[in-house]
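Consider the two complexes below, in which chain A is the common component and chain B and chain C are the respective partners.
Presenting the complex of A and B:
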């Protein structure tokens, strides 16, 4: 049970996991929560808020909210966020708060991977994996499942390797068939796992890290940073120590909390837009329709709270999004026509 | 003969004008859409680049309105686009569509071959004088369209209501599409300029001062950067994020250089790019690879805050350019980001990258300035 302090809430709602962080006014991480999104971000966020509510004191207050991750907009609507930020900035902010001298961030999550270059505590360059998701957490998950080992043990087994085998890392499909081939030849499991770690790291550095000026101190964050096999492979490949920060798995959410703190803390008169801890019990619905106003045929998403429209997005022109709360374009319309005020 | 042509951004307005003033029946295909892409992808080889897939989709959608002749521009050098006219004709024939394909290009660099093809399209009823007059008129309209588009580039970050800005843009395009005289074109441009100004002045009363937006130069493969469907609306998106964009290539600049062999400069002539590119890429690499590098150098020298390169997956000339750009970035200390688009490019991924890039660029200008009001792009990289 946490005390009755004031907290900043950071939420990182990604494709694989939903992370929540409570940051106290004294800049201490009071609570971290890691939930699997499982394709249901709305329910997961509400679940998270319920857990949060059960863990903090009755008179504890949320005084600022920041959201990030691929469902940041959805999370912001549900929670009532003060700051909405992309993952890159959120990760960079968190890392530079933890260690202001950090110059490189390697981040590998469930479906994406990115590299962020910082100089003097601000982002100077970044890259994300482009069209291919090879070498992200989901792929490691799959392979661990295929080999029948828990993902938590993956890295420790890889560390036991005597002579890692060479595995093609360019593409996850090739990597998998290469791995099966090496298994059939009789190579030991740790050697194969270590080989896979090396292949992933090579792939990451060749694609995401291409042309980037990687200088220490280097932070390694995101879910995959839990894997010591990957950590070791990075250290070998880069020839430098890799630092895994304490809250490596929730750095995005932590960054969002810091950003909320900056925004709300700076303007003393500004009150948070947080919608309250009871939102775990409110009925939210989402629905979508295709607007036929022009050739873009945008898929517009509507978020409803107990029947009334909370937010809309997905339209490129802003016709639907801007109309929320203005009384026009009310209600769902298959034809994309105005249905009166 | 009912002529159709592939879409590329606003090009349809110019092409329609040209054919209509020569009394050639023309079918404007429906705008590029997911439907277009779905139709095109079914016929195109999987590994072909995005423009081919969209082109094919355009033709099939045009068939439904009775089109029987395709007009496409050609090209020379190692870019697949040069062969698209012929490839498309064969693909369509195999799929059971019998189009007559006319490729407008100067074969072996001679304007005579081009003239023959124009004559074929125009038929005997049009004199050369009327053909030239029609070309000139279409060209003037093209330059006017580019002017309007560039005004919108400037207006997007400055006008408060993004929906209203896009509406003004649509209105401007419609007015230009309907303009039948040179005076009509001029009046349209003036009236759009005036209404944009009015909107800006109305907005300033509320905000009480001008803000200086970030400037980003868009470079890359021509089809992708000219066609908002293909570029996932990146220009409008950046505008909403408060960024003024400029582009390396505008339609009339390309037409002037490519089809008229430099006889007409167009809006934002692309002629100076190769010399700008020289220290980094000294020779032609196909497509607009060299122009992309040159444009990056030019934008950097003009003090743009950042540059975004955008091209379809597997575009060879742009891949060459992309591997040269880090040196431009280093030399001029200007951030350059590369975006690759393909069939399945979702909007969310692009959005994240654009927001992060804008965050990165806003950092220096934010120091010492209090909070800006725009949600989502404030608080950048500050500590």
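Presenting the complex of A and C:
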């Protein structure tokens, strides 16, 4: 159980995981939550808030909220966020707060991978994977499942390799068939796993890390940083030590919390837009419809809170999105109990 | 007679010529509507999966042309000496015949400036015969088209808005009394988004991607909300030529030439804060030119990002990259206030400071 402090909440809602971080006013990470999104971001956020509520003191307060990740808009609507930022900026902010001298961030998440180059704490260059998700966490997940080993043990097994086999790394489909061939020839599992780690790292550095000036200190974050096999492969390939920060899995959320702190902290009179910890118990629904206003037939998504519309998006012209504030919703959110203990 | 003109691919660069040409001949031209979802979906169904997005869109636009007597699909081989259009332009109309509704005939014409004006006129006369027009009429129509195209190209500039310009041309083609290009009256709107913004971003890419706001998920407009946007299409031909030096071999693709030459100009321009290269999946010429330009950009340590378009309709990926890029450019700009970006101890293999 945590104390009754004031906290900043950071939420990173990605394709694979939903992470929540509570940052105290003293810049201490009070709580981190790592949940699987499992294709249901709204429920997962609510679940996370419920867990959060059960863990913090009754008079603890959330004084700022930041969201990031591919579902940052959705999360922001649900939570009432003060700041919404893209993942690149969030990751960079978190890393440079943890270690102001960091110059390179390698980040591999569930569906995407990115490299961020920082100089003097400022993002100077970045790249994200393009059309294909080869070499991201989901692929490792899938391969671990195919080989029948828990993903947590993947990396440790890879470290036991005596002589890693060579695996084609350009495409995950090729990699998979190559792995099967090697496995059928009788190579040991650790050797195959280590080979896969090397292939992934090679692929990452060739695609995402192409033409980037990778200098130390290098941070490795994102869910895949939990895998020591990948970490070792990076160290071998780059010839430099790789630092995995303490909260590697939730760095995006941590960055969002820092950004919320920056935003709210700067303007002391600014009150957070957080919708309260009771939101775990509120009924939220999402539904979508096809607008027939023009030939674009946009897929409009509506987020409903107990029947009333909270937000809409997906329309190109903005007529649905803009209609929300003018209708039923406005005013309600700010009036509601700030902290339902 | 009413001719259907698809609003895709060659439309974006050469429509003024054809509009003037048919206008002179008294043939009504109907353009397909701006791309919408149905057009995209129809296009995807009627083309080979191997081809590029712009060609798929063209196939969609062909199907969107209803109530026309013929669909016009010119084979634009070459627009000036020593250059070619992309091979996919050369394969038109044959490569797209499967997308044409069976009851509508296809009209085509070859435009090949590599062999000079005489050949162009000769090829146009073939079209003229199909249309029942005399050689002299075709010649005059050619001159009028040429004038329209020239007027259009001369008017490209900073405050110029592509869609407005095209609306103007389409408007004139519907008028019965003759109007000369210099009297095309629609004013260029002064309040255009391109005013007073701190950031200056250059958007590089083929006209049919940059101006295709449905397929590029409104990228140009999104950028203009945050920055002053420069386009390579606005760069004068002489300027383009002047920035082509340094290549060991001449670029013979016309779009590639424009992109590389104009792109180079912006790379060297210290007032430009960042460059975004918009390309589409599977573009052959871009695969070369993008890399050539990226090498230049790295030497100048400018923020640079490539966005690859395909059939995406989800905006999240684009928005994330765009936001991150603008964040970066903004923060770098602040920092470069006191650290020179062009100073020493820089690594020329990276566009990092």
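Just so it is clear, the second predicted complex is superposed on the first by the 325 of 341 C-alpha atoms of A that agree within 3 Å, B and C clash if a C-alpha of one lies under 4 Å from a C-alpha of the other, contacts with A are read in each partner's own complex, and residues count from 1 in each chain.
Simple rule for what comes next: a contact is a pair of C-beta atoms (placed from the backbone, for glycine too) under 8 Å apart; a residue touches a chain by one contact, two chains touch by 3 or more.
Keep in mind it's a predicted model, so treat the numbers as computed, not measured.
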**OP:** Using the superposition on chain A, decide if chain B and chain C clash or fit.
**Re:** clash
Original post:
Between chain B (first) and chain C (second), which does A:316 come into contact with in this model arrangement: first, second, both, or neither?
Top reply: both
**OP:** Could you tell me if A:211 is touching chain B, chain C, both of them or neither one (first, second, both, neither)?
**Re:** both
**OP:** Could you say whether A:262 touches chain B, chain C, both of them, or neither, answering first, second, both or neither?
**Re:** first
Subject >> chain B versus chain C as contact partner of A:70, first or second or both or neither >> reply: both
**OP:** Please indicate which partner A:297 is in contact with in the superposed arrangement: first for chain B, second for chain C, both, or neither.
**Re:** both
Original post:
In the superposed model, does chain B or chain C contact more residues of chain A?
Top reply: B
Original post:
Who does A:124 touch here: chain B (first), chain C (second), both, or neither?
Top reply: both
Original post:
Is A:93 contacted by the first partner chain B, the second partner chain C, both or neither?
Top reply: first
Subject >> Set of chain A residues, in rising order, touched by both chain B and chain C >> reply: 70, 85-89, 122-126, 128, 130-131, 211, 294-297, 316
Subject >> Touching residues (chain side chain A, partner chain B) in the complex >> reply: 70, 83-89, 92-93, 96-97, 100, 121-126, 128, 130-131, 211, 259, 262-263, 266-267, 294-297, 314, 316-319, 322
Subject >> Contact set on chain A toward chain C in their complex >> reply: 70, 85-89, 117, 119-120, 122-126, 128, 130-131, 211-213, 294-298, 316
Original post:
How about chain B: which of its residues touch chain A in the complex?
Top reply: 30-35, 161-163, 166, 229, 233, 236-237, 240, 313, 326, 335, 340, 342, 347-349, 351-353, 355-357, 359-360, 363, 371, 375-376, 378-383
Subject >> In the complex with chain A, residue positions of chain C that touch it >> reply: 33, 36-39, 214, 218, 281, 294, 298, 303, 306, 308, 310, 316, 319-321, 323-325, 327-328, 331-332, 335, 347, 349-353
